[in-house]
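Letters A, B, C, D, E and F mark the chains as written, and numbering starts fresh at 1 in each.
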Amino acid sequence: AFSHLDQDGNIRMVDVSQKDDTQRRAVAVGRIAMSPETLSAVYDGSLPKGDVLAAARIAGAMAAKKTSALIPMCHLLALHAVSVVLSRNEQEHCIDITASVSCTGKTGVEMEALTAVSVAALTIYDMCKAVDKNMEIGGIMLMEKSGGKSGQYFRSS
Amino acid sequence: AFSHLDQDGNIRMVDVSQKDDTQRRAVAVGRIAMSPETLSAVYDGSLPKGDVLAAARIAGAMAAKKTSALIPMCHLLALHAVSVVLSRNEQEHCIDITASVSCTGKTGVEMEALTAVSVAALTIYDMCKAVDKNMEIGGIMLMEKSGGKSGQYFRSS
Amino acid sequence: AFSHLDQDGNIRMVDVSQKDDTQRRAVAVGRIAMSPETLSAVYDGSLPKGDVLAAARIAGAMAAKKTSALIPMCHLLALHAVSVVLSRNEQEHCIDITASVSCTGKTGVEMEALTAVSVAALTIYDMCKAVDKNMEIGGIMLMEKSGGKSGQYFRSS
Amino acid sequence: AFSHLDQDGNIRMVDVSQKDDTQRRAVAVGRIAMSPETLSAVYDGSLPKGDVLAAARIAGAMAAKKTSALIPMCHLLALHAVSVVLSRNEQEHCIDITASVSCTGKTGVEMEALTAVSVAALTIYDMCKAVDKNMEIGGIMLMEKSGGKSGQYFRSS
Amino acid sequence: AFSHLDQDGNIRMVDVSQKDDTQRRAVAVGRIAMSPETLSAVYDGSLPKGDVLAAARIAGAMAAKKTSALIPMCHLLALHAVSVVLSRNEQEHCIDITASVSCTGKTGVEMEALTAVSVAALTIYDMCKAVDKNMEIGGIMLMEKSGGKSGQYFRSS
Amino acid sequence: AFSHLDQDGNIRMVDVSQKDDTQRRAVAVGRIAMSPETLSAVYDGSLPKGDVLAAARIAGAMAAKKTSALIPMCHLLALHAVSVVLSRNEQEHCIDITASVSCTGKTGVEMEALTAVSVAALTIYDMCKAVDKNMEIGGIMLMEKSGGKSGQYFRSS
C-alpha cells in the first residue's frame, strides 16, 4: 500500500521507470486566517502592496521547484507551469491560496502544488507576523489531479 | 507595521543589526487529517513503520534548516535544536505534529518551527498519497515563542 | 597576494579565525540597459508592475543569502540586512540597481552585495527577454565597504 | 508582452507545455575589468594559476545548473553541455568570459549562459579582491541563441 | 581521455547532446566499520532503531538527488528510482551499504549511486560519533552499471 | 548514548544551546585508489592538470559548506577555514586526500571535514571514470579534532 516502502518496510524512492510520460496537472488550495485588521492592512494600507503579495506568489513558485529537495522520496520533475493565485476572503478573514502546477512526466505534481501553497502561506505569515502572531494556516488539500495511470481526481466537497 | 517593507513599500530584509543576541525558542503545531483506514495503516500495519514517521521527522528538521532559503526575507539562523514530534490522534483521525526550535540570535525562530511542521505534514502526505488523496493539512500555528525584545508569547486558546 | 591560494597555489577557503567580528556593510551597484520601449513597458504599461520589480528585488535578496554556495571560497555569513533598490534611469535607458548588505562577522559582505545586484539584473532580463533580447548588464562594482581591519573603502569616481 | 505575468499582472511561471522539445543553445559573454597589475598577477605570477581560473570556470558551470533556483520564474532544464572560457584581454585590462550552454528542452538556455558568465565574473572578483577592489563587471549580454519557435538570434554589433 | 577537459585542458561539462536516452542503472557499495560495541548499540539497543537506519537511507536517497549540485561537472538527471539498503555485517564489524539508482537519460547514474552510499555512510558516522570516533568509511566502489553506449559493466572481484 | 535520539528513540537535532562557543578544528583523510595508468594520466599527462585537481579541491570545500544540508541532524556552522590537499601516492596507486576545517562554534567540525574528503574523492572519480571504472574510495576517517568539552582527539594508528 505504501509505495515508498519496500517489502521489508525500508524507505525508498519508488521506481517509476515503467510509467508513461504523460501530461500531468494538479491544483491545490489552502488559506491563512488572520485578524480583520491584518487582512485590511495587507489589502487596504497606504503602502503599495505589490511586494507583499508578490513575495508570497514568488516564494510559492520557487518552492514548487524545490519540492524534490524538501520531500525525501519525491521525484525531481521539470515543471512546465506554476501559478499561485491569492485572493482576499473578507467573510472568513483569510487569504485564499490556489496553486496550479503542470508538467510532462512519470509522476504526478500534487506534491509540488501542495508545497507551493504551503510556502506561499508561510511567506504571508512571515510578512505579517510583526502585526499578528495568531494567524493560522489550514485547509491545505488537493483539489484536482490529472494525468497518469490513476486518471483524474476531483476532490468531492 | 510591515517590517519587511521600506517606507516606499519595497520589500527588504529588515535590518536586525541593533537587536541583541538572545536565546530564542518557538513551538509550532499542525496536523494532517486522514481516513481512519489510512491512520490505521500508518500505525497498525504489518510493516515496520519506523521509516514512514522517521521520514516526516527528518524532513521537518531538514526543512527548518532551509527556512531562510524558502521564505524570501527570512534571516539565516544557526539553529541549536530542532525536534519534530508526531502523535496519533485517534479521535480526530489525524497525526498531530509539534515542532520545537531554538537558537541564539537576533531574530525569532517561529518561521523555522512553522516550516518544520509544514514539511513534516507534506512528507506524510507524500508517503500516504497512494492510499488516500483526501488528506488535509491544517491547524498550523505558533503556540509559543520566547526571547527577543517582544518577550514571551503564548497562544491563547 | 591572492588570499584564497596557499603557498603552493592551491585554492583554499582562507582562514579568518583570527579576525574580529565587526559590523560589516557593503554597497554595490549595477544596471541593465534596454530599449526605451522595453523600459517604458516595465514602468508605464497598463499592467500592474509590482510583480516585475518585486521579483528582481526578491531574487536579489535571496541570492545574497546564497552567495557562499555560489562563490566557491566565500565564507557563510548570517546577514543582518539586505535591500535591493531599483530606479528608472530615463536618460540612459536602463534600470539602476543598488544593493546594500550588512552583518556582523569576520569577513566583508561585498560579495553578497555584488551577487544581489547581479541576480536582480538577471531576473529583470528574464522577465523582459520575450520583448527585448538585446539588454546588457553592466557597471557592476563595489561602491563602499566598511568594517574589518582594512577600514572603509569608497569607490573614487 | 511580459510572458511571466498573467492577465492581471500577477507573476507566474509561464506554461511551456505546448512548446516542442528542441535542441537549444545559447552563448553569452561578459568581462571583468581590473588594473593592469591585477591582470598581470593573475596570469604572470609566480604561483601556479590553475586554481584561480579553474575556480571561475567551475563556479560558472555550477551556477548554470542552479539557474532555475536563482531566477524566480525560470524553468528547470537538464543541461547537456556547459563551458566557460576565459581569456586575457591585455588591451582593455580585463578577462573576457564566454559561456556556452546547450540542452534539449521546451525553453531556451539564455538565462543559464548569462548566469554562468555572471558567477564566473563574481568568482574572479572574489579571488582578486584582496589586491583590487575597483574591478568592474560588465558587458554581460546574449550573443546567440538557437532552437525553439523564435529561431536563431545573433546579436548585431 | 578525460572527457571533462577540452583540448586545452580547461574543465567543462561534457556535451551529451548526441547521446541516446536509454534506461540507465547503477549499483554502488560501501561500508562503515565500527567497534563491535557500536555496531551492537545500533542494532541491539533498547531504543527503537528505526530512526538511526532510516536517517541513513533517507540522507543517501536525498543526496543522490543532489549529486549534480555536489560534483561540479555532473549532469542533472531526473532519477526514476533510488534505494539504499543497509545490512549488519557481524563478522567484519561494519554496516554494509548498497545503493541502486536508475533513470532514463543520456548519462549514467554511477555518480548518483556512489554519492548515495557516501552520504549514507557519513550519516551513520554522525549518528554514532558520540560513542565512537574511530569509525572508518571505505570500500566505496561501483559494482554494476548498465545502459548507454558503453554497455554493461560488472566489477570483477 | 546516541545523542541524536530522544528518550523514545525519535530522531532530533540535539540541543547545543548550553555548549560553549569554542575554537573547533578537525582533520579528516581518505583516498581514491586507481590503476597506475589512471594515476599517471592525472599527474603526468600532456594536458594541464590544474583543472582536474582544482575541481576536486573546490568541490570538497564547497561540500564542507553544505554539510548541514546533507547530513540530516547536523548543525549549520559558519566555517572559518577549509582546505583540501591532494597528494599523489605512487606506491599505493592512489590520491591521498586530507581536509582541514575550522570554525568557532558549539559543535565540532568533523562531519564537515569528512564530507569534504568524500566529495573530493567522488569528484576525482567523476573526472576519471571515462578511463577507469574500477577506482575505489576508502580510508575515510577522522585524524584529529580539537575544541569543545570532549577535548582533543587524535586517531591512534
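Here, contacts are C-beta pairs under 8 Å (C-beta built on N, C-alpha and C of every residue); 3 or more make two chains touch, one makes a residue touch a chain.
Everything numeric in this text was worked out from a predicted model, so none of it was measured.
Path length between subunit C and subunit F in the touching-chain graph (shortest route): 1.
By residue number, over half of the contacts seen at C-F repeat in one listed pair from A-C, B-C or C-D, namely B-C. Looking at A-C and E-F, the interface holding more C-beta pairs in contact is that of E-F.
Because subunit C and subunit D carry the same sequence, their contact can be compared by residue number, and over half of the numbers here are used by both. Centre-to-centre, using mean CA coordinates, subunit A is 15 Å away from subunit B. Centroids of subunit B and subunit D (each the mean of its C-alpha atoms) stand 37 Å apart.
Rounded to a whole number, the gap between the C-alpha centres of subunit D and subunit F is 30 angstrom. Listed for subunit A are residues 10-11, 48-51, 54-55, 57-59, 62, 66, 72-73, 76, 78, each touching two or more other chains. Screening every pair of chains for touch gives A-B, A-C, A-D, A-E, B-C, B-E, B-F, C-D, C-F, D-E, D-F, E-F. Listed in rising order, the residues of subunit A touching subunit D in the complex are 23, 54, 57-58, 61-62, 65-66, 76, 78-85, 102-104. On the subunit B side of its complex with subunit A, the touching residues are 1-5, 8-11, 30, 41, 45, 47-52, 54-55, 58-59, 62-63, 66, 70-74, 110-111, 114-115, 118-119, 121-123, 125-131, 133-142, 145, 153, 155. Those residues of subunit F that touch subunit B in the shared complex are 6, 10-17, 68-69, 72-73, 75-78, 105-106.
Residues of subunit F that touch subunit D in their complex: 48-51, 53-55, 57-59, 62.
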